[in-house]
Every structure is written in C-alpha cells, then in structure tokens.
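Letters are used for the chains, namely A, B and C, taken in the order the chains are written, and counting of residues starts over at 1 for each.
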Amino acid sequence: MEHAVQIENLRKEFKGFTLKDVSFNIPKGYVMGLIGPNGAGKTTLIKLIMNLIRKNSGQIRVFGKDHIQHESEIKSRIGFVYDIPHFYEDIKLKSTASAIAPFYPKWDQDLFLKLMNEFSLPLDKKFKKLSHGMKMKFSLCLALSHDADLILMDEPTSGLDPVFRQELLEKMSQIMLDEEKTMLFSTHITSDLERIADYITLIHNGEIIFSSPLDNILQNWGIVKSEKDLLDKTEIPGLVGYEKTNYGIEILTSDIKTAQTLISSDSISEKATLEDIMYFIKKGETHA
Amino acid sequence: MLKHIRRELIFNQTQLYIFAGYILVFWIWIVWQNISPRISLVFLSFVLPLFCAASFQAREEKFKAWTLNCSLPTNRNTLILARLITSWSLMIAALIVGILYSALFQKNHSILYQFIQLKYFLVFLLFTSLFLVFLFPFVIRFGLSGVLIGLVVLQILGIITLVLTRASGSKGNFLHTMIDSIINFMKFLLNHPSTFFYVTVLIFSVAVLNIFTLKFSQFLFARRDF
Amino acid sequence: MTLALDIKKLNKKYSDFTLKDISLQLPSGFIMGLIGPNGAGKTTLIKLILNMTRRQSGVIKVFGRDNIIHDKEIKSRIGFVHEEPHYPGYLKVKEIGSVFSRFYSNWNKNRFFNLCREFTVPENKRINALSRGTKMKLSLALALSHDADFLLMDEPTTGLDPVFRRELLKRFSRIIQDEKKAVLFSTHITSDLERTADYITYIHQGEILFSITKDQLFEEWALVKGGNEILNPETQKLFKGLRKSSYGFKALTSDKEKVRTNLSGQNYVMEKPSLDDIMFLLSKGEINA
C-alpha cells in the first residue's frame, strides 16, 4: 500500500510540552481524521509536516520524499486549511488568490471561480470583512483550486453551522472519489469524522494513542454498562477507562468482543463513539 | 523570483500606496524647500529601509501571514531573498521618482545631477546597505516589536550616556564623539574623489554588505518556528 | 413557573438583515439551545438580550424585568460568553479576573482560580498568548465565577474538544438543578444540544422557525423517507423541507400523525430526525410555508 505521508519517530520539544515518538502513516487515497484534546499536539503535527515548525528529530516523508529536502516540490501538491486565518486582512480575496496562483503549476482559475461562486464568496471583498465561516470557506477554496494530492486541514469546520459542515463533508467525499487524493483533517467534531474518515489517529499529550481504520475501532471498542461494580470481580480485557455513575459503572474497552463473553450476564454493551473513546481515555488518566 | 516579487507587491498593496504618497510629498518638499541633495540622500537611506523592508515584515507579523507564505511551494531562503529584492526595487524606484521630479520640476535640477553621478548613487547604496545590515536581520529575528524595544533601549542608553558624562563633568562625551565621527565618515565618503579605485571599493562594499544581510537573515528566518 | 427569559415580538433592523417578530420563553431551571445557520441572527439576538444593541420594537424581560429599564441589575446576574472573546491582550489571566471582580458583587475569587486550574488556563499568561480554545475556556471561567442566575453564551463550545464539552454540559445541567437558574447557548455542535438542552430554538434568516421542548420536537417531528412516487402537490404540503434524489426523497414533517394518516398504505419509512437533519432540510430543502 502506498502512503501519502510517512512519519517516523517524530519529536518536537517545547517549553512545557513535548511531541514524542510520533509514528504513523497516511495511506494514499484515504481520509485520516486526527483527534485529541485541546493542546494534545494536533496543530503541532500538521505544522511539522508543513515545516512551519522545525522538528527536533525523526523523519517525515510526503509522497515518498523527505519533507525538507524536497520542500518546494511537495508543497506544490499540498492544499492547506489552518484553524487561524493567516491572510493579509486588508487585501481583496481575488488579489490574494492572484498572488498565490503562480506558485501552483496545477492552478485552475476556472475551478477557483466556480468554487468561490458555490461557496457564495465575493471576489471583491477584503478578507477582514468576512465572517469566520466565510474565512474558512475561502481558505478551503484556495486549497481545492490547484488539484492538490494531499489536503491538510486543521479544524476546518470549527465555527461552521451544521448545514454547511454537511455540504463541506459531501464536497470532501466528492473530491475523494478519484482515489488519488489523500486527506488529513483534525477536528473536535467527532461526528463529522464518523461520517467521512477512513482512518483515525488519536493523539494525547503529545503521543499517538492509536492510528487505525475507523471500522476496526468501531467494531472492537465498546462500552460495558452495569449496575454492579464489575471491576471488583473481573479483570476487563482492554480496559481503557471507566466512570462511576448514579446507576453503576460504565467501562470502555478496546476489546469488546472478549469483554462481552466474560461478563454478558451482568451487563449490557454498547457501541462506543469517538467522543466516548476520548472521554474515557481522559477518565482513565485520572484514575491511574 | 518574479512571482515572489509580485506576491510581495500584491500583499502589501495598501502599504505601497501610502509609501508612494509619502515619497511624492517628500520630493516635492525637498525641491520646494531647496534642501541639499546630500541631506536628502542621507535621509532617504535611513527612511527607505524602514518603509520598504521593516514595514513589510511588520505586516507579515501583524497578520501572521508567515504561516501562509511559508506554506507556499517555496523555501524560506527564497522568501527572504524575495523580500530583499523587492525592498531594493522599491527603494531604487523611490530614488528614480526623485530624479524624474527633479528633471521635470526642479529649476536647477540639483537632485538629478547629484544622483545621476555614479559616486553619489553608490554612496546612497552604501549608506542604505549599512542601515539595512542592522535593520533587516533584526526585524526578521525580533519582529517589529523588537524594533520598537530596540529604539527605546537606544534612547535609554543615550540618556544614560548624557547623564554620566554630565555627572563626570567632562566637556565632550562619548555620544557626541560617536555622532561626530559618523558624520565625518559620511562627509568623507561623499567628498572623496570619484576614482576608479574608490568606485570599485564602493561597489564591492555594497555587494558584501547585501550578501551578508541576505545570508544572515536567511539563517535567522530558517530557525524560526511558526 | 418563573420565566428567566421572556421575549415578545422583538424586531431589529440592519441594512442587510432583519430580526423579525422574535418571541420566545425560557423558564427558570432549564437549558435552551439556539441553533441556526451562520448569519441567521443568533449573535444579534444575544446582543439584544444584553442590551448591547438597540431594538426597534418588542419586549425583552429577564427574570420578569425589562432589560433596558433594569439594565444594570440584570447584567449583574448574567454570565455571558461571546463568540469571539475580546479582552485586552496585554492583561494576564489573573488580572482580567480582578477587573471582573469590580463589576460583580457576587464575584467568587476562589471559584475563578479553581476553574482556571480545572480548565487548564494558566493564570500568569497574557491573554494574547492564549490559544483560541484556551481564551474560550477563560471566558467560561469568568462567566461561571459570579454565581450568575442566567448564563447567556454565544457558541461557547467552538474549538473545544469533545471531552471538555461533555464536562461543560454536565456542569450546565448541575447549575440549573436548583430550578432558579437558566442557561441559553447557541452552538453549531448539535450533538451537544441533543444531549443537554431542554428547549431548542431554531433561527433562520432572522425568524424563529420553532422554539419548543426537545421532547416535543422528537415526538412530533419526523424524518420521512420514501420513493418519489409518493410525492405530489398534496403530499408535499405535509413537509417542511424536502430533498429529492434519484433514489427517493427525504423530508421533514412537524406533524407525525398527519403524515401517518395521509400516507397510510404507502411505502415509506419514518425516523427520529437528528437536529442536523432538521437544520439541513429546513435550510436546504424546498421549504413549504
């Protein structure tokens, strides 16, 4: 399987936070969702790939090439959408587009105009006059206008209403149809990912907790609920975290199938959503 | 490189309009008040780098646009080179505006005659490059806030020097001596006969200063995390 | 039942947008979620309640008191969070806390610092050095530190991770337990509302399309899916929003029973709608008046 992005033993130190031993791959032609609590390292990771931040050690290969040695070449194939706007605010949208277009050999001006129209973005308006949602849309528009092979997005849907998010996700699915493009996007809105992602990487405190196909996660992870205190009697396989509620106990396991066979009589089991997983991992921390 | 210069010009449009207005007013004033071309030369070599190099950097910082610029298919060294080339192009353009204005509207064409001479033109380049060598890397490393802090620090140092020398009771002081020697140096350069050797030294110095500015700035910029 | 918020026929006109005849009620002891597309009027409505902008006509009463006449008194009881928090960047977190303490008689310094710690907002950092999410958390800490009776928040959860959001919503639920307080917040993250809100108000292009309890919403509204043969001018009147594709249609009705009666015998499926479905079909589907 070809990988669009390969990350090996990546390390970046800040004062008070370290990204360590980060290794995972993004297979070509798929959508990878990146989740994790605020401050876990999602934005740092994306910035490291784009070499906006210098790594301390480790390797990042994009399209099989080292991301620093072939920086310029690789970036001509990457579309990016960051969480904080980074455009010159007093410049018109069409001027900004015109300034960056020559940098991309595959820039498609007709496609750009079409997308601007689709997103209802006025070409003649200055960037600062746009609402937050429109700023995001503009970022996305630019990222999609040069036939990028890799699209990196850092919380692209934050602040967008559900209707537009759905349209966006539909558009992203459309883009992914040709199976040549790869997408990495980080978000806090896990329900969006459950709709579109093929793979999920969870990052927490600067470390990768898991990086697997979404289907696997949804099949193998689950929540066991019981009125009895199951932890007293049984060792739950794959225990990640638990919460004591008014009704009893809720436990998240990464191996629901085995867990079910052990305690089916005393409990019910449910599918875990990505949000549940994040929640219980955090709980697991506090109990540890 | 052309696409880089174009990018810099588009992104800093609003600043350029202000700059153009300022330059026009400047030349009109110089001619109207009959200010010596030499003084205008010194003044320009101080003001232009601030307008052209520092302000672009400041805008990039204000809008956090380095995230955009560094994400484009290019590398950081090229970005710095582009900024330096664009700055110089604008500075030379400002000079040309003055020369043209003088040619058209100044009765004695003193400015035109001054700057058209190779020696004076090169001295202008030298003064500007000298200032740029400090300003450009400094702004890249410390940003505009760094410049402001730097100016405040300089002022404080100046005040301390004055106070100390006054307290010590000596007539002359270090600050005066320094300023005097700078002015003397500048006069020396302006007055030196325009020999082939001198011109060569000037060209060489300008080149060396700018190459140093470029390399040092690239080094500093490459190390920054955005 | 006291009304924490009582709005009657509120009108506000801007040059390119109008908030028309807004009426809604929120009883004390409940949580109301405000949803709607970008630009629908959510922020304007919140600003009007806070008297930050002047209305053309209508009445806004907070805990029974007119929000203009009793402006100061009401504001001292409201904990607010704005969509994009603007604080003087050069102030440190603990300093803004001290600024706020001057305005609120019930300011609880310990609670503020405890919340900052719990939300991991570093008290000695300058506000302009905080990330967007952390600034939002600071906003929340400030709003929650003066024992406010009414929490009024404009997208308080944008940019916050799901775990934090879940804890925050639980906190809101705990706050209203005494039945004297109320919470109103706008959000784009509908799953949060489905979990916590008692009332849901939907604003679209300056008008309220519905403002009812969540229970009522899910009891009376439904998603109807079926083949395109079912659709004709008569049946289309049953739906508030409709989306056709080559495989069939997806429609929204606010009257389940009516649909059951009118479409009896036909081949269709009725499902519980998610808030996302509702929003999508109301704004993107062809709407029937």
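Just so it is clear, contacts are C-beta pairs under 8 Å (C-beta built on N, C-alpha and C of every residue); 3 or more make two chains touch, one makes a residue touch a chain.
What you are looking at is a predicted structure, and each value in this text was computed from that prediction instead of being measured.
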Partner chains that subunit A and subunit C have in common: none
Using only alpha carbons, which chain's centroid is the nearest to the whole structure's centroid? A
Go ahead and note the Å separation of the Cα centroids belonging to subunit A and subunit C. 26
Go ahead and note the Å separation of the Cα centroids belonging to subunit A and subunit B. 45
Averaged-CA centre spacing for the pair subunit C and subunit B, given as whole angstrom: 54
Within subunit B, the set of residues that touch 2 or more other chains is none
At least two partner chains per residue is the criterion; list those residues in subunit A. 84
How about subunit B: which of its residues touch subunit A in the complex? 3, 6-7, 10-14, 59, 63-68, 70-75, 78, 223, 225-226
So, in the complex, the side of subunit A touching subunit B is made of residues 47, 50-54, 71-76, 78, 80, 82, 84, 86-91, 95-96, 98-100, 102-104
Which part of subunit C faces subunit A closely enough to touch in the complex? 35-39, 83-84, 120, 131-134, 155, 158-166, 188-191, 275-276, 279-280, 283-284
Parts of subunit A lying in touch with subunit C, wherever the complex brings them together: 36-40, 83-84, 131-134, 155, 158-167, 188-191, 274-275, 278-279, 282
